[in-house]
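Shown next, in structure tokens, is the structure this report addresses.
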Amino acid sequence: MSATVLAAVMPAPLAAVEIREFREPDLPRGSAMLRTSFAEVCGTDVHLWHGRLSGVPYPIIPGHVTTGVLDRVRGEVTDSAGRELREGDRAAFFDVHRTCGRCLACTVDRTPTRCPSRRVYGITDSAADGLFGGWAQKVYLEPGVIIARLPDAVSFEAFIGGGCGLQTAVHIIERSRLALGDTVVVQGAGAVGLSAAALARVSGAGLVIVIGAPASRLELARKMGADEVVDLDRTTAGERLTLVRDRTRGRGADVVIEAAGSPRAFEEGLELVRDGGACVIAGHYTNAGDSTVNAHRHINRKHLDIRGCWGSEVRHFLAALAALERHGGEVPWQLIGSTPYALAEINDALAAAEAMTVTKALVDPWS
Amino acid sequence: MSATVLAAVMPAPLAAVEIREFREPDLPRGSAMLRTSFAEVCGTDVHLWHGRLSGVPYPIIPGHVTTGVLDRVRGEVTDSAGRELREGDRAAFFDVHRTCGRCLACTVDRTPTRCPSRRVYGITDSAADGLFGGWAQKVYLEPGVIIARLPDAVSFEAFIGGGCGLQTAVHIIERSRLALGDTVVVQGAGAVGLSAAALARVSGAGLVIVIGAPASRLELARKMGADEVVDLDRTTAGERLTLVRDRTRGRGADVVIEAAGSPRAFEEGLELVRDGGACVIAGHYTNAGDSTVNAHRHINRKHLDIRGCWGSEVRHFLAALAALERHGGEVPWQLIGSTPYALAEINDALAAAEAMTVTKALVDPWS
Amino acid sequence: MSATVLAAVMPAPLAAVEIREFREPDLPRGSAMLRTSFAEVCGTDVHLWHGRLSGVPYPIIPGHVTTGVLDRVRGEVTDSAGRELREGDRAAFFDVHRTCGRCLACTVDRTPTRCPSRRVYGITDSAADGLFGGWAQKVYLEPGVIIARLPDAVSFEAFIGGGCGLQTAVHIIERSRLALGDTVVVQGAGAVGLSAAALARVSGAGLVIVIGAPASRLELARKMGADEVVDLDRTTAGERLTLVRDRTRGRGADVVIEAAGSPRAFEEGLELVRDGGACVIAGHYTNAGDSTVNAHRHINRKHLDIRGCWGSEVRHFLAALAALERHGGEVPWQLIGSTPYALAEINDALAAAEAMTVTKALVDPWS
Amino acid sequence: MSATVLAAVMPAPLAAVEIREFREPDLPRGSAMLRTSFAEVCGTDVHLWHGRLSGVPYPIIPGHVTTGVLDRVRGEVTDSAGRELREGDRAAFFDVHRTCGRCLACTVDRTPTRCPSRRVYGITDSAADGLFGGWAQKVYLEPGVIIARLPDAVSFEAFIGGGCGLQTAVHIIERSRLALGDTVVVQGAGAVGLSAAALARVSGAGLVIVIGAPASRLELARKMGADEVVDLDRTTAGERLTLVRDRTRGRGADVVIEAAGSPRAFEEGLELVRDGGACVIAGHYTNAGDSTVNAHRHINRKHLDIRGCWGSEVRHFLAALAALERHGGEVPWQLIGSTPYALAEINDALAAAEAMTVTKALVDPWS
């Protein structure tokens, strides 16, 4: 019986990714195997390859957000609404497969994304433990993983185009407490920024301005819903401040969403936001260096809110699916992903992601 | 007719304050004269003297928060609850005497402390316009000023000891969204920090730690309600971090209140606060220089909230009065103010405030 | 000197409305005259005619939300962003022309719509005091009234179609704290309900269901953005509950917006909403009778939020204008208003509004 | 081998509770046995005996909130802060021992108290499954139960005096969003109301009024922190309204906490609260009948918030422990419980709770 599965394994930081053969596991009750349609190579994977995340148990099978078809289901497996999932269902799953639900982060602070026991597909599980990553022909969905059927209207391409960036963007919009008519500036036109701009638009923002580069991403930003785009490479910070003030009667943006990961973007956002506004900081997944902040001018006198936004929770995953279904007609999420790379081309995919020559590199492990 | 009033006038930044004689004004209907019992010399006045606030129409009569007895009342003058105020009443007033109520800050953003038309006794009115400051034997309360009778249980000394710092502290506590049992670190043991510590205590904080100096202020901090005090001059930042972690099961403070006005304090607060916690920035009334912040480590990964807190609104003034009445028995606000200075000693009072040899210099213009 | 203006005066409850001639007033500095393009006859006016509001100083000129052209401007008159308004500008104004800004409702509670001194065009001013209502060829805009230029993209018809209902709907959406993807049930397909459905749709609701009657209004509800409409007259409460549960995986709506003004609608909303959801009560502008509520089943065990929503504030007025500009292309607000009635036909207009044969009766005082 | 344990078993609704002998279970890794010091007979137990809760798998061992000493610990068992628990530790545990963490209530709505899989000691587990209730000499703490060491300063008597009522009260205070200086009316002087009054007091309430009966409970309410008590049996609703208005400058209470469980109390609370205030409904654990509410007068025009409050979460349990430690010196929680009943007297205890002749009947299964 076809008991083996190919997967791409990252043996260690900066070492070439290799294709290895894995045995399909026996399934305990309540678990399932997903036959991968698409996985993604996102910024996190580049960080993993650079060895910038701590505590990663290399070798690993990368790939956290993934979609495909339920290949085998053992016992009753249900989605969050209690509906049974069946073999053949098009599906996706929430990549955080364990949080303890008992620690102070989970219970008292209600910040489960800061649970010390948090485990994430493609990041925190060793390849020695099995098929816990999306860069593989099949992914093992252990009991308890939150699985959802893909709505009929949501293609695999749209789901993976949204990918982890869309889930982060749902969390960002929640943290932003956007009000009807707000002017929103999004810094960064990568996968997170593009989805944040789209969601701000469909959540009632009065004006959405995306600052980023290169021109091709800005063009996509417009398609995603940005009213106005500003090329980071062709404008000065002063010009961008003038533009934002000009669009806001001199006041500045109600909400600035930082999805750029640059210390300069954080600094600039503090200038672009209005008094009493909010900056959501979501692009600094790793340490990109320090910023210079003036507590008087930027925060205290501005009566400003600055809100960090880390990871996503189940509700952001489910809301991302709902947003794809609801708004997929107007927001072309499927355009975010590249032509898929085969497993054999995975090092090229990683290189492309590192060089940012594609917005998001996709992986099709069966091509 | 005792038609003249003495007042201290600051002619220009860094120029000696002078005592001048003013004519008592005719009162329009709805206005009143307050016979000053105490005014304060607070940090704002030192900033005024250093010329660090923009748009100040020198010469001015400084002194924003002030208390005394209603000397004359013309027509019906009522408090916020509609109760009539009478000559002879012990009273205080909200020092912000005008906000427009029409601009976007007042209406849309609900941040009236950022209204461009905001006018504040002791700061934004020229001495040429009359008795608009507390360093005077009498203060003119123009129609529309929010006046409140001092509750019987609140002495002039307690009110002025709380002074503007207490009103700011009420706003800080509101911005902190303190939950029952939270660990609160207050940075700074000046008038704002002392009142913030006291209010955190009576608002259900589980542990209140004050970091400051010198030892005499820390002793006062304990009397105000701090559970623990840390001498800034005798500890390193590393020791303080160890202490806060030790008191919080390794997590850090739920809430950090910055009332120190130092760029280093802001930086340190970002270390002291727990993941998912909140830092309220309230001490940077003027520009004390830049801070170095790491957007990844301090904000994004911490899922942190940083909230600037600027000025006070009417509700903070009224809540300050209520807090003095309710908690005056346990919190010795009257200990914050110094032995009062006479008008003739006003330059000494200013020097003492500048040198920080007193926590707050009081002024008794009739002594 | 065209010194006279025609206005419709309601002499007393249930008395026929009469056309009277008024002298145009001399304008104090900071005031203006608006040449009325359209006023509306809304439910409030029917209540006024029935004498159901207390403290109304009959005779009055009804008509609170109104739009037209600035006919005369005396001195500098600016909008909330500080931009000068000029004669000839197409304009609208916020109908609440006075709140005290001093009372506890205005300052402490931040509920200015409950200020005892609140005055509203068309409701709280006697015709003896002048042209303070929209059922007139011109309206006197006293100093301090919040006036806004109509954006170029917003027609008079669209503005008045939105009218007071749209401003209320902005407030409702704010109170609802709608999250991306929420299922929203709107009870009532009148001017408020239609705009609430439209705003819920453009604010990111995942599904918008409108319950109302008659069929023509439901058809309009679809055009405004409802995904699904339910005819109140052709369904039972049980059928509606089944339908809402069916659309929400058995849970009920995240948000129910009551804009029907019926005690039965309030009761039904408590059934339709999910555990932990929110009901916003906005349709009970007058007393339509009591409802029967089970505190255990409807509120306590449901862990429900019920939120009353009264009147609008300046920010709702301004956000309504912004929404008209932003979303006017997709939301046909101009369809809400009827063919305009002339002043001479005003009793017909009132009768039509009372009989609810039109969604909203418009008044064109120059036709 | 002392392998047997006595427990009180409720065989069925309205049947006499019997003492039965249970075998001590073998402990799986991560579990523990608690040697009961005190359990409580609370209102829930009376409801259980009346058969008013659905889905209860009689026979059961009642007793949800319980405290004692860890008798046996198998493997590593830690508290929420990761500290190891040891045999001999004085301890308490969170009575909700399972929520799924996967359903929409747990994940999307963040209302885990509405999780359909929720299981609670003393209520949802059959005696056939083992020692899952506090009316027993020992309680089995299965793996995953949230256990906490009792702080040294917290006596068993204080913990059980607070009991489930205190945990509910923590949740109530969270839902109330109490602001410094607020006037709080607590309806009900039972275990929930008494703790709610105490917590309101230590959380910064400006005035705490408790309405209840009989006089002995009101006396205790004063000791717990109420500023004023009102005897329900000796006043009319009109008199109570007059009193509350009198204490609040005519406005009404900022917050009303309903902990009485009476339909009349809910109705009265809607009168007692001020415009723009909040009513928290927490006393209707079971269906006590319908209330009559006027949506116009009570909710819409009042711009009111009504918030149901159901059950407690881990953070409320932990905050209750912290409150006992912090405020136990000033708040005499130990006075709430009665002289303990022995297991043999358990039917007497139940009768006393039913008759409300004691505020809370305690059980000491070793006496």
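Order of writing sets the labels: A, B, C and D. Residues in every chain begin at 1.
The criterion applied here is as follows: contacts are C-beta pairs under 8 Å (C-beta built on N, C-alpha and C of every residue); 3 or more make two chains touch, one makes a residue touch a chain.
Because the structure is a prediction, the values reported are computed rather than measured.
Of the two chain pairs examined here, B-C and A-B, it is A-B that is joined by more C-beta pairs in contact.
Within the list A-D, A-B or B-D, C-D finds its counterpart interface, over half of the contact pairs alike by residue number, in A-B. Put simply, subunit A has to spin 180° for its C-alpha atoms to lie on subunit D, with the angle rounded to a multiple of 5.
Each chain gets one centre point, the mean of its Cα atoms, and the points for subunit B and subunit C are 41 Å apart. Separating the centre of subunit A from that of subunit B, both taken as means of CA atoms, is a distance of 44 Å. Along subunit D, residues 81-82, 104, 110, 249, 319 each make contact with two or more other chains. Those residues of subunit A that touch subunit C in the complex are listed here as 81-83, 170, 173-174, 179-181, 199, 202-204, 206, 249-250, 319, 322-323, 326.
For subunit C in complex with subunit B, the residues that touch the partner chain are 80-82, 101-104, 107-108, 110, 144, 146, 313-315, 318-319. Those residues of subunit D that touch subunit C in the complex are listed here as 104-105, 109-111, 113-114, 249, 251, 258, 263, 266, 274-277, 281-297, 299-311.
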